[in-house]
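Both of the next two complexes hold chain A, though its partner changes from chain B to chain C.
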Partner chain A sequence: MLRIDSITAKYQDLSAISEVSLDVEDGKITALIGSNGAGKTTILNSVSGLKELSSGRIYWNDRIISGSSPDQIAALGVIQVPEGRKLFPAMTVEENLELGAYLPGPRRDWTKTRKRVFELFPRLEERRKQYTGSLSGGEQQMVAVGRALMALPKLLMLDEPSLGLAPIVTDEIFKIIVELNREGLTALVVSQEVLQTLSISNAAYLLENGKIVLHGAAGAMLADPKVKESYLGI
Partner chain B sequence: MGQDSGWSKRTLLLVIVFISCVTIFPWLGPPVYFISFAFNVFIYITLATSWNIIGGYTGYLSFGHVAFFGIGAYAAAIFGMWFGLSPALNILASIPAGLVSMLLAILVGYPCLRLRGPYFAVITLCFAFVTELTIRNLDFLGGADGLWLKGLALPIEVSRSIFFELMLVLTLVTLFVANRIEKSKFGSGLRAIKEDEEVAQTMAINTPKLKITAFAISAFFPGVAGGLYACYLTYIHPDIVFDVNVSILIVLMALFGGGAFWFGPLVGATILTFVNEGLSTFVKAEYARIIYGCLFIIVIIFMPNGILEFAKTRMVKKPAKFEAAVK
Partner chain C sequence: MNLVLVFQSLISGIMMGAVYALLGIGFSLTWGVMKVINVSHATFGLIAAFVAYTLFKVFGMDPVASLAVTLPSLFGLGCLVYWFLINPITRAKAVIVSSMILTFGIAIILENLILLVWGADPRLLTTSYTNKVFAIGPLYFQYPRVLGFLMAVVGVTAIQLFLKRTLTGKAVRAAWQQSEASQLCGINLKKISMITFGLAVASAGAGGVGMAMLYSFEPHSHNLWLIYLFLVVIVGGVGNILGAAAGGMLIGVITGLSMAFLPYQWINVLTFGLLMLILIFRPHGLFRSEV
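And then the complex of A and B:
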């Protein structure tokens, strides 16, 4: 279980997030919603070690991980699918996937994991020899998720998985997140697609201007008048 | 990565025959000039191939790589002096000399490899200057006078032939190591760093460790080459073994051939050493430089990924490659 305990992170003097606390329970999908610039990505980057904290602590299974380097955190199975895919564009689909399984553990049975990834995303198998830079946005997102799965994640953090994708592709990605969750994967989904994200999540947190302003069960959040008004436009 | 492009039996046979021909070449009684020239080609292949491990594979352009060559040369000379080594043993001291270069690379790399892009290029260039100035001003290292080593008491053809063989072995070992790295998991980690270091980190790749390892390996072989060179020349001077032009030439050779493959620097170094020699033999030195410069401009504009990649895309149709398509 991931526990974020009152973290603050700054860019120069400006606080991007202040005293954010958040729990991600095992086996659940937790949503982190909020508008552009609310600090969602900063939270994910803090967890994965890319962003240094000014204060607060992050625990993974009761072990402090804040302050560790990104590769150490990833080695614990906390894997991020970065915003905007961030693939290695001059490498093929296969090479990207293989790099996902870099550590000895995931590498041991990487062919098996890859088979599973190809089952989830059959399109990737067709394009396995293609450079990822030449794929469509949706296919790139699939590679990004697939690459993260190759690391055999215990917690998968998805940053705007639907960014810039056609609705039909978004549906597909969300469907796969649900499927993976059913198999036991814990996920933290960051998104501006409030309705869709809440509808697949168990719990949710609403972030505004770097602060958590609301949290609870995803269903309750969907019914909340504030969420309805500001984010769903109902 | 992954699919190890194992050589077919025929290619392997061709390579073995070729290497054998090269090996017996100096013993067939060619003019000494050709032996010395081939020795130079081998040095450049070794330097460019080693550089490529940190520069081409990892994307950290070291512009001071000649420093490791120079340090190796000086280390071998100093070992010879301090321990009163015989010329033959002094040649063997090239290996610990390579280790000295490697150690320095680790010390320098630890802070410097945190810098990226142009900053890394500049700081490595400064490192080469500082090393050269230090040696030039330390009297026990010969200072501005340089250092003398004992030469092999053999006829020049024999002595040159021996160094030819030694440098050939070093070149082959370097190429072999570069080839193994390229095909290994370590190599794909380096490529990941080259493409996007931050993402590589989030994929559990310990990037600082990989970079330091690559830098250390890429300093070792030039160090050994420097040691052999010192024994070959029997005289070393900061101007000779810390020549900044060599630093730049190494980079150009590797990129000329293509930095992504182990044989890119091999091709680049071979072609450019021949071109350089041809130009300085048949053309006036001033014109030679102009032609040489133009050649680089043409290659960089039309073949930014090196001549090998250029030839490859011309010969086989491959799926389009978009370097910066993903934001």
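And then the complex of A and C:
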């Protein structure tokens, strides 16, 4: 499991997140919700090793991973689907997927994994020779998730997987997250789509101004008056 | 105008241009991929030329065969230079400027090392086939130029295949297109950049030997070669391998044609006039930048 222990990260002198602690249990979907600019992406980038911490530690299966480089963390199976997809635009769908399986472990059976990804996203197989820069937003998000799955993730962290997508595509992406979770995948989902995210999650954390202000079972969070008022508009 | 002469100059221009291209692709690659303008690129090529000269004089080794020694050595040297000198400055804000200053220093050091080892005399790589020609119809082909051309074709094709077909080559392109996401895929940026730089320096070696088969050379020659590098990259588009190849040929053809029909003094005026026109009207090069 992933354990984030009281981490603080800064941009220049301003704290983006301060003393954030968070657990992601094996086999569960954990939601990290909060408004734009609350620091959700900073937390994921800290886990992935892209953002340096000022203090605190991050553990993966009781081993300290904070301070490791992004490629070392990816090699442990801690994989992120970054916000805004961040695909390789001048490469085909196939090449993007192949690079997802860049590391030696995932590389071994990568064509088999790719077959599985094409089963999950049949549209990607149709578009396999197309440059990802020419795909629609929804298709790009599918490539981004597919590329991450190619790395055979043990923990999949999705940053705003539904941002800018049509509701029908959002539904499809969330359905696939649930399906993968049923097969045993652990996931950490970061989203502003509070209702939809909480309804597929087991546990949830609410982040405000870089601090965790509330956490608990996802169902309990849905019923929480504060969440209802500020994030669900009920 | 004599048509045979036009074709003859076109052909020799293309052959010379191919060697400029071979010298230029690595320069274009490091510039495009890692925003490092390696001013010492041609100097590494010049080292390969001098080594080829010595191996030929002492052991009678063919200059092309000498590449079996120089290419791996230059690859290793390039990797070391990247790891210990270039990588520390890649975090600087203006990588392009700092890399130019740093590699300018490397070029001066290498030039003086060449001066120490080989002395200041101009050298000419005269092999058994240097003056041999063969004819196809009314057109003559000089062996060294044909050889240089073939080397360039092999070199450009090899780099292109590496970038498009191998996993490491794809990782190089990925790192350039989206460096953050490439790291999330498990790509070690420092290692990938080191390999790219090593390969670029090795390709400079091939280009340097190609140049040595066409022209005489001395410890300062890399300065002139460097100007051709800028020409090739600016015409071809930064980071564009096939563009660099086309750019090299274009420059070769212009040089070849002007050599045949214009007074010697006009060659560089024309070439650099073209460069200025391109910079004014097509600042990104004649071709699209893409790795």
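The rule we apply is simple: the second predicted complex is superposed on the first by the 234 of 234 C-alpha atoms of A that agree within 3 Å, B and C clash if a C-alpha of one lies under 4 Å from a C-alpha of the other, contacts with A are read in each partner's own complex, and residues count from 1 in each chain.
Convention: a contact is a pair of C-beta atoms (placed from the backbone, for glycine too) under 8 Å apart; a residue touches a chain by one contact, two chains touch by 3 or more.
Nothing here was measured: the structure is a model prediction, and the numbers come from that model.
A.B. asks: Would you check which partner chain A:Tyr102 touches, where first means chain B only, second means chain C only, and both and neither mean what they say?
C.D. replies: Both: A:Tyr102 reaches chain B and chain C.
A.B. asks: With the two structures laid over each other on chain A, which partner does A:Ala9 touch: chain B (first), chain C (second), both, or neither?
C.D. replies: neither
A.B. asks: With both complexes overlaid on chain A, does A:Glu94 touch chain B (first), chain C (second), both or neither?
C.D. replies: So A:Glu94 only meets chain B here.
A.B. asks: Looking at A:Val227 after the superposition, I want to know if it touches chain B, chain C, both of them or none. Which is it: first, second, both, neither?
C.D. replies: Once the two structures are laid over each other on A, A:Val227 reaches no partner at all.
A.B. asks: In the superposed arrangement, which partner chain does A:Arg147 touch: chain B (first), chain C (second), both, or neither?
C.D. replies: Both chain B and chain C are touched by A:Arg147.
A.B. asks: Identify the partner contact of A:Ser134: answer first if only chain B is touched, second if only chain C is, both if each is, neither if none is.
C.D. replies: Touch partner of A:Ser134: chain B, not chain C.
A.B. asks: Report for A:Ala203: first if it touches chain B alone, second if chain C alone, otherwise both or neither.
C.D. replies: neither
A.B. asks: For chain A, which residues lie in the overlap of the chain B contacts and the chain C contacts?
C.D. replies: 48-50, 69-71, 74-75, 79-80, 82, 86-91, 95, 98-100, 102-103, 107, 147, 151
A.B. asks: Using the touch definition from the top, list the residues of chain B that touch chain A in their complex.
C.D. replies: Where chain B meets chain A, its residues are 1-2, 185, 188-189, 191-192, 195-196, 198-208, 319-327.
A.B. asks: Name, in rising order, each residue of chain A that touches chain B in their complex.
C.D. replies: For chain A paired with chain B, touching residues are 48-50, 69-71, 74-75, 79-80, 82, 84-91, 94-95, 98-100, 102-103, 107, 129-134, 140, 147, 151.
A.B. asks: State the interface residues of chain C toward chain A in the complex, per the touch definition above.
C.D. replies: Contact set of chain C toward chain A: 167, 170-171, 173-174, 177-178, 180-189, 290-291.
A.B. asks: What does chain A use to touch chain C in their complex?
C.D. replies: So the residues of chain A in touch with chain C come to 48-50, 69-71, 74-75, 79-80, 82, 86-91, 95, 98-100, 102-103, 107, 147-148, 151.
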